[in-house]
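You will see two complexes here that share chain A, one where it goes with chain B and one where it goes with chain C.
The block that comes next holds the complex of A and B.
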């Protein structure tokens, strides 16, 4: 037996969550050629067909582009600190792709080894992820090369599988998922399926060995020649999480914020002395691949990549993990 | 919510201008409870903030035996350090820390200590020298070779004189060629060469070498000739840092997040890392 829900009922349910005060985010068409995960005002805004995946990732709902860490007021010699005590509403991310949801358990490691980043943790705790399994894939998808697949429920609280006829099978994997869908589904004999591809594009172990042993290699320089260092790869990546801490607002006192940053920017590692360990783009390209396929796996046991393909899909010059890594794998 | 990014507030209790562009400062926690409970190890660092400008990473250059305050020393090079430069006594700055691993002062007990520092690298050496002098019986002979580009760039000069009065301590000051003044009584030359010329007779010493990459690079062959093992040579790799707690990704070199697993490394560890620092 399975549990199913119609698309109309799913939209109505999303609207119900919104009416109940939850923040609901999901894919929406924001321009004719642009689909993004966005806060939704109604379940009717939810886009469920006709695209491979949104151009951004769901990480911004757990790790916002810019987040206040605390405020401060300067009065003469004294400083008054104010906590970021904005209450956090329960949040649902609906129709996330499996490659988005799977990044969350991977990110949990870095935000919690030794020091706990409660800004991330409290959003994570307040968020329920409802994933929509993929029925297709495009030339940039490579989840199967990094140990996932189009029907993976990793990081999801519930996952929806298309049944055709605008119906979905609902599989709840956590209590949070069951709390959302309890009593909202119907019994059925139908079971949904996900895409069987994409074919494996590379062997991550081969990549790990190459990158781990070819720190100095002309390969990086050749690849970086076209890179313009825009950071789009990192910003649209579900797993990239580097950030900066900066003061925002007038000097007389406002707030300190955590903002997205990227290892692709030249200032990222620049020392005060002027020395820069990664002074050329080749070194920065290398770092991104090294961090994803060697450093993070050594440190936390998981590849820092879910194969979503966003870095390649969004790259203005056709780079990204897949193009770089496929070349490594096929020499 | 437990906020790992929220700083402690510290009052500036003393400011000393060391050179035309370097100042040192003494800081005291405003919260008496935090002041009582605070402890750190020499070699650890803090993230210091000028409110309205941002945060910067400095070594805590005071000895961990000094309980009532900590000290920092910085060169004026950017937005935050320029704001700190304008800070006066009684002003309040932010502090997060202590972070990083620090020097293994316990493991160094019983060994001769050689400190080699260039320029603004004196502060992270100073804390260890004071600590060793305050626990004098625990350590063997102490040698400090400290150099800067010019006489005007040497920091903590009066303290070097004070250290020189202690037993079994040899202090060698030097400036780069053409950096001397008419009355200069120290050595002239680069730190590695001056150190080599000094023929320091140390048996199985611990060496702490901090300075510009070129200084460290030229020092290593000399230590090798002396028979010092890479595992006994320490440095502090001060990559750019923001969070200080292993999250923001900035200080990452090979498998290490230097803010947590560094900044203090032995040459043996360093030789295994990719040249990304």
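The block that comes next holds the complex of A and C.
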């Protein structure tokens, strides 16, 4: 026996959540060739078909690109601090891709390892993730190469599987998920399925061994020659989580904010002394792959990549994890 | 008591040390009364008034900004005010394209002898600003009008015949040692080829989007030795600008021009050149005759046809998606600064957060630093992962540069840079 919901009912339900004061985010078409996860005004804005995956990731709803930590006022020689106690509404991310949801346990580890990041944690606690399993994949998808699959429910509170005819099977995996869909579904004997691909594009173990033992290999230098050093890969990655803490001055109302940062920027490792340990782009490219396939796995036991392919899709010059790692795996 | 009666406009005045500041001082010593709403900030010269300062004043809550310096011919440093005038002409166009209310910014010349003019200008500008009301929401969101998005590129790869000849030539150049490295297009994007046997990795097709001249500035590539760079006729223009700006010397690189068969929308919708003009060697066949003039895209006309509040609402919506990945800067051949203004934090010039204000500050700085230099390759729009049509801002400046100074970046290797030079007859109908 399964639980099912029609697309119309799902949209109506999303609208109902919005009316009840929840923030609801999901895929929406922003431009003819651009789909992004966005805050939705109505369930009707939700885009459920006709694209592989949004160009951004759901991490921005838990780890915003810019978040106020506290405000400050300077009066003479004294500084007055004001807490950021803006109330946080309950939030639902709907129709997330499995590769987005799977990145949340990764972020959970990072933001709760030595220091518990209250800003992340309170957003995480207020968020319910409803995933939509993939029925297709494109040439940049590689979830199966990093231990996931198009129907993976990792990190999801509920997952929807397409049944055709604009019907979805609903599988709730947590209490949060059940609270959203309880009493809203119908019983059925249909079971949804997800895509069977993409075929495995590389062996992550081979990559891990190579990366872990070829720190000085000329491969990095050669490969990074065309990297332009922007932060597109890191910022559209569901799992990349580096941030900077900056003072947005008086123009921004005197706030100390946490902002996204990327290991691909030369400023990322610039020391106050002027020294920069990663002075060339090759070292930065290597760092990104090393962190994903060696450093993070050594600490937390899993790969810091969910195979969404966003870095490759968005890269202005056709690089990204898949391009680099495929070359490693196939020599 | 009504709120209108309570409103006292805050005016920031950036004035030069030698003329206007003394003019204001004279007004004081002559006991001329003028509204106390003005906060004077003295700078050495109007030529030293950075455009970011004007934006910053409005961002921190000024309701109006007054910028004033010496009359033409009177500059203490000979020509600072002429340079300033030229910059203001263009800066106003950019602000207008963004939808910023130009009535909030007043430019004027006031000499050390014109205490009375200072009194008059401050009084009149304060009253005008009072009538306009507070400039509370500089970057006001609102209902977003529909600006047509650029049409998207075709997805099917179509190879062009000149590919074979291109590979053979590059193989030969590398084998003979004429060049050490070829910067070209590969199947997935740009490739850097250093071995003759790898020349077959080079492609020439309708997916060759990148402007490869951006790679010439990279240290890692320079270190490899003399390069051959493959350019489309539109990209080639950046080499002309780089050469004018002493960033590139022709003998440092072999320029391989490709007569263009088109790489699709939106780049080619407003093609300005189909045949390379400066390349050392040219391959292929142009898709048609050389286009006459460079019409601005319809989407730019649509943007400018809107009222300024709608333009601002449009840009607010667009810039709110900006994540500050700086792909726009990194793909741009003209962005070659060793350290970009956004990376400077002692002192902090631009709010580093990807917030509405921080994004506006960055995008204004990016666009204006390209005034008169942008060759219109459109890479910024193509690279943006948030789908922001950044090229529209560059187009506004390109049109202004053409209309005011008859200049087109990258066309005439002998032409003086627009910013950095001036003419005595530059227009000043907007300067009071």
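One rule holds for everything that comes next: the second predicted complex is superposed on the first by the 328 of 331 C-alpha atoms of A that agree within 3 Å, B and C clash if a C-alpha of one lies under 4 Å from a C-alpha of the other, contacts with A are read in each partner's own complex, and residues count from 1 in each chain.
Everything below uses one rule, namely that a contact is a pair of C-beta atoms (placed from the backbone, for glycine too) under 8 Å apart; a residue touches a chain by one contact, two chains touch by 3 or more.
All values derive from a computational prediction rather than experimental measurement.
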Partner chain(s) touched by A:271 [first = chain B, second = chain C, both, neither]: first
Partner chain(s) touched by A:182 [first = chain B, second = chain C, both, neither]: neither
Which superposed partner A:136 touches (first chain B, second chain C, both, neither): neither
A:228 touches, of chain B and chain C: first, second, both or neither? second
Partner chain in contact with A:247 - chain B first, chain C second, else both or neither: both
Partner chain in contact with A:299 - chain B first, chain C second, else both or neither: first
First, second, both or neither for A:55, with chain B first and chain C second: second
Chain B versus chain C as contact partner of A:259, first or second or both or neither: second
First, second, both or neither for A:105, with chain B first and chain C second: neither
Touching both chain B and chain C, residues of chain A: 244, 246-247, 250-252
Of all residues in chain B, those that touch chain A in their complex: 1-7, 9, 49, 51-56, 75, 77-78, 81, 90-92, 94, 212-213, 238-240, 242-243, 245-250, 252-255, 257, 260, 274-277
Complex interface listing, chain C residues touching chain A: 56, 59-60, 149, 151-152, 186, 188-192, 210, 214-215, 218-221, 321, 323-327, 329-331, 343, 348, 351-355, 357-358, 361, 379, 382-383, 385-387
Contact footprint of chain B on chain A as seen in their complex: 69-70, 72, 74, 77-79, 81, 83-85, 110-111, 113-119, 122, 215-216, 241-247, 250-254, 256, 258, 261, 263, 268-273, 275, 277-278, 283, 287, 290-291, 294-295, 298-299
Residue numbers on chain A that touch chain C, as the complex places them: 30-34, 36, 55-56, 65-66, 221-222, 224-226, 228-232, 234-236, 244, 246-252, 255, 257, 259-260, 262, 265, 267, 280-282, 314-319, 323
